[in-house]
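Each of the next two complexes has chain A plus one other chain: chain B in the first, chain C in the second.
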Partner chain A sequence: MNQRFWTGRRRDNLAGYLFIAPQLAGSILFVFVPLALVVWYSLHEWNVLAGTFEFTGGANYEQLASDPRLPGVLAATGLFSAGLVVLNLTLALLLAVLLNQKLRGTIFFRTVFFSPVVVSLVAWTIVWGFLLQDNGGINGVLSWLGIAGPNWLRGEGTAMISVIVVQVVKNVGLNMILFLAALQGVPANLYEAARMDGASRWRQFRSITVPMISPTILLTSIITVVGSLQVFAQIAVLTQGGPGTSTTVLVYYLYQQAFQFHHFGYGATLSVLLFAIVLTLTVVQWQMRKRWVFHES
Partner chain B sequence: MRKLALACAAALALTACGTNTPAAESTGPVSLRMTVWTSNEAHLKLFNDIAAAYKAKNPRVTEVKFDPIPFESYTTTLTTQIAGGNGPDLAWILENAAPDFVSSGALVALDGYDTSDLSPAATKLWQQNGKLIAYPFSTSPFGVFVNTDLLKAAGQPLPDDLIAQGKWSWDNVIASAAAVNAETGKAGIVVRDFDYKSWDNLSTVWQGWGAQAWSEDGKTCGFNQQPMVDAMTFLHKGIFIEKAFPGPGTTADFFAGEAGMTITQISRASLLKDGKFGWDLVPLPSGPKGKYSVIGQAGLGALKKGKNPSVAADFLSFFTNAENSAKLAAYFPPPRKSQLTADTLAKTNPLLKPDQLQSVVVDGISTGVVKPSHKGQAEIAQAVRSALDPLWKPDANVKAVLDGVCGSINPLLAK
Partner chain C sequence: MSLRAKTAMYGLLCVLAIPFIFPTWWMVTSSVKPVSDIFAFPPSIIPSAISFDAYRDVFTLQPFAQQYWNSMYIAIVVTIGTLCVASMAGYAFARIKFPGANALFLVILTGLLIPSEVTIVPLFQMFNSWGLIDTHWPLIWVPIFGAPSVLATFIMRQFFLALPNELEEAARMDGLGRFAMFRQIALPLARPALGAVAIFTFLHSWNLYLEPIVFLSSSEKFTLPQALTQFVDAYGGPMWNIQLSAASLTAIPVLVVFVIAQRQFIEGLAHTGLKG
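Our next item is the complex of A and B:
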């Protein structure tokens, strides 16, 4: 009986399932179950101290729709993401193109730009916090040059710019390496042909480089957009959402509601909103690839 | 962050997130855990000594573990532990979280605790319907630490002399602080831990104007009332015109010799053990409304949700009884009237002189106003912080900003 049940095909299937089982178990336990629970919690009013956990239906979602602080939070999130994505991708591509030249010292500069990626995020942010103080290192250098620097983390505009730049400098190296790898995969004969046709360097970049590395541009933009929506440590360390609420992005607001104000149910509702936003953006970007990704292997 | 939230949620799934009804208590060996925000070795040694004495008397209790959590994130971490079903048996509670903890029913009421020796000013925040819910083990007044070397370098009179002449007032403090800044380039006076965020520390200033964050019943906003407007105008001028306080985004650590004066609690005196400069500790200066003092408090409570709440409450009574309270007084000014004398305190506070203890600690506790606290404090504090941010600019309109503060916290006060 056993002999007949365990056919070769079934054995193969079983082996396959066993190979993916550890990963699948991890995903179920640490991703899907919590995800379902967050949705469940978002339907409840949960007072941790009093120990009450009451079903309130859509009350948290009604609060979400009428939360006077939410538009400001979403605007700050959008501003942060837009600023980060544009600055990060532009700079990463620029650096990658520059460091892809056959010049002396490129290895050194590649290392320099990549090294912040491996530094601990919180340590990196704390050091920047000191540099950005009114009497900190950056303004020290500026005053040396005869410029009176602003109080970076205390001005509404400069605080957001500071947080974006700190994050870009931290992570631009990763996108740069991805772009470098893509650039090196572009066949040299395409450029050769273009040169013979009299194409300028800008024309070569626009008509050969960009289309050839478009899958990488898609990948880096998805990673960067999703990452930008999850920014937390930089905000918590540098500005705590201030001045005013100018840097209170969605994840930080979620943290405040759940862990500082003890509104765990509403915090879970905000998590669901964040999940929906990330999912939508990723799906949209994925759909757009058909239009602007030139080739996919 | 989302991952963290998810991980917490996963932890919760494995625990009951039900009600506060205590589970049936076991009769087997008991192990207790108490969260604290100190990791000072001398403090922990004292706690462990007291715990050892308790274990000797109660063989059932096999372990009492003191679990330090960093001060900055203390309440957040504590509530997250409770939410995760992993709360401690006993916990230190900061005064700003007191209304939430006391009113929520999360703590075991300390029925039968002998409160006759406790100062009513000290226990006020920790009671509900006349019952003691948590024990205010530390009632620490704010005072002014002074770097006498810096004051002398700036040619300023020392506070002792000003006090003797009856001139220890905010106006003179600001004048001295401004002179320190102008002459030495160091900061004048620092409201420690304020940092233009933790605004409740400013109550150590505005109390001198008789200002309050909200009314006694917690329902009316006090920020846009005249005493607060006057106090904040004074503060704003001190920061941006006289430069007596370091401005926003500037740090200066008094204990590293970077400021002429600082307002903080006396427990920080231990930081001056190896001080490289001359220093003094004096009471808060008098404001337009005369002399005043402000106290910061910390309570100790036993959590209902622990496995053995009655044992935890019993340990709490032992930990804070008269005998142990006298030992704890070395670091934490006690709420017990019998122990609040300069003589008793002097035995355990060798860095402070008896007259410093009398004027700052003993007098401070009997007349002190506790730093502001309210139910839902974290949310109110956040709203005040962001509404106050526009005040920390040279051209701010003080009254308009303070109206804005009331506008944003009124709905929260009404809850």
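Our next item is the complex of A and C:
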């Protein structure tokens, strides 16, 4: 009886469930239950210090809609993400194209451009914070060239530019090697045919390279957008959200509200907003795939 | 390619390389400059005198060796745990046809869109109610089972999908069970994918900052990223030479390993799963 019940198929099914059980149970406990809780908490007024936890319905969302700092926070988040994604993808593609030429020493440069990826994020940020001081290394070098550099981290525009550049240099190597792998997968005969037809290099890039690597462009842009919305350490170390709130991105604001001001309910509401933004941007990009991604492997 | 084009290309590569190399150079050289020199004007690219005082202070001001160990062992445990969880789940989703596999895979995949920044408030509350605040457990459990391991599962699945069926047919003939097939056949073949997953899992854990500052409060429990920012003077201003020494100690060993193994590092990451 027992022998007959445990047919090969049943045993295989059981094996399947057992194999995924740790991941599934873990996802439920540490991802999906917390996500449900975040929504639940967002409907409550919860002050950890005062020990109050009361159901208030949409009160936190009303506060969200009328929070005078929120437009600035969303603007900073949008500016950071847009600047980061554009600069990161452009630079990654440029570096990948340069390294894809038949040149000696590309392995050396590939190592150089990738190396910040393996440097501890906070160590990297501290060094840049040091370089970007008013009397720091960057302004020192600029003064050699006769330029009086600004106080990078204390000016509203320059602080945002600084955090974007620090983050791009840190992580661009990752997208660079994904692009490089994609470029190496483009069949060489396509370029030969285009050259026969007299297509310029730029035309070849636009009409062959970009369409052929568009699945990778999609993938890297989704990863980079989602990653850009999670930025925290760089802001906390370099600018603490300042000057004013010019670099207070959503995760940093969420951290301040929940863990510095102890407004867990409002912090949870900001988390819901963050999740909604991540979800929307990913869905939009995924939809755009049909429009401009050339083929899917 | 013409000589001119080549020269232009090299020129461009060298200029672009500056922001990638200079910070590390500046970090290490400034960390051994005497305090009076680190903001010297004009800046000295090569230190005039060398002093290791700041390195001594790194270890006297905080239990830095302990913090180094904390970061190291947490990252290693997280890496091993993720490899186990993700390779098993990835294998099952790729090679075993069981009812609901596709739906369950999609459900787990949505975890990628729920980073722990979104769930940090309830995670704090959960670990608080279990009495695990100011322990390393949250830093171990959440990455092994949360969004980072979902990406690992995805990569492992992509890899296992590409394995030829014949291997398993032969193993089945030999009477191997599922677990034996997984361990003796699939896993040894998956070395490149496991390597790539191990690298980015280790780095992810090594870089964590929000989680440790939320979950940990006593300095002997701190991880490196958190410890680096604690070298401040009485006014809360950074003690630059000490921060830079600690940053060098944090960054250089990993950089050395990377430079030695850069080919495996980069090609492993480039050619595994992420492309699909």
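In this section, the second predicted complex is superposed on the first by the 290 of 297 C-alpha atoms of A that agree within 3 Å, B and C clash if a C-alpha of one lies under 4 Å from a C-alpha of the other, contacts with A are read in each partner's own complex, and residues count from 1 in each chain.
Just so we're on the same page, contacts are C-beta pairs under 8 Å (C-beta built on N, C-alpha and C of every residue); 3 or more make two chains touch, one makes a residue touch a chain.
What you are looking at is a predicted structure, and each value in this text was computed from that prediction instead of being measured.
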Task: Partner chain(s) touched by A:T216 [first = chain B, second = chain C, both, neither] - done: second
TODO: Pick one for A:L98: touches chain B only (first), chain C only (second), both, or neither.
DONE: second
Open item on the list: According to the stated criteria, A:L142 is in contact with first (chain B), second (chain C), both, or neither; which is it?
Closed with: neither
TODO: Compare chain B and chain C by how many residues of chain A each one touches, and report the one with more.
DONE: C
Task: Contacts of A:Q230 with chain B and chain C, given as first, second, both or neither - done: both
TODO: Determine, under the contact definition given at the top, whether A:L37 touches first (chain B), second (chain C), both, or neither.
DONE: both
- [ ] Considering only the touch criterion stated at the top, classify A:G241 as touching first (chain B), second (chain C), both, or neither.
- [x] first
- [ ] Identify the partner contact of A:L254: answer first if only chain B is touched, second if only chain C is, both if each is, neither if none is.
- [x] both
- [ ] Based on the superposed arrangement, let me know which partner A:S271 touches: chain B (first), chain C (second), both, or neither?
- [x] both
Open item on the list: After the superposition on A, what does A:Y17 contact: first (chain B), second (chain C), both or neither?
Closed with: second
Task: Shared chain A surface residues [contacts with chain B and with chain C] - done: 29-31, 33-35, 37-38, 41, 133, 135-136, 230, 232, 251, 254-255, 258-259, 264, 267-268, 271, 274-275
- [ ] Show which residues of chain A lie in contact with chain C when the two form their complex.
- [x] 11-13, 15-17, 19-20, 22-27, 29-35, 37-38, 41, 95, 98, 101-103, 105, 107, 109-124, 126-131, 133, 135-137, 140-141, 143-144, 165, 169, 174, 177-178, 180-182, 215-216, 219, 226, 229-230, 232-233, 236-237, 251, 254-255, 258-259, 264, 267-268, 271, 274-275, 278-279, 282, 297
TODO: Note which residues of chain B are touching chain A in the complex, please.
DONE: 1-2, 5-7, 9-10, 12-13, 17-20, 76, 79-80, 82-83, 100-101, 104-106, 196-197, 247-251, 304-305, 376, 378-379, 382, 385-387, 389-390, 392
Open item on the list: So in the complex, the part of chain A that touches chain B is made up of which residues?
Closed with: 29-31, 33-35, 37-38, 41, 46-53, 132-136, 151-154, 230, 232, 240-245, 248, 251-252, 254-256, 258-262, 264, 267-268, 271, 274-275
- [ ] Please give the residue numbers of chain C that touch chain A in the complex, ascending.
- [x] 1, 6, 9-10, 12-13, 16-17, 19-24, 26-27, 30, 39, 41-43, 84-86, 88-89, 91-93, 96-99, 101, 104, 107-108, 111-115, 117-126, 141-142, 144-147, 149-150, 153, 177-179, 182, 203, 206-207, 209-210, 213-214, 224-226, 228-229, 238, 240, 243-244, 246-248, 250-251, 254-255, 257-259, 262-263, 265-266, 269-271, 274-276
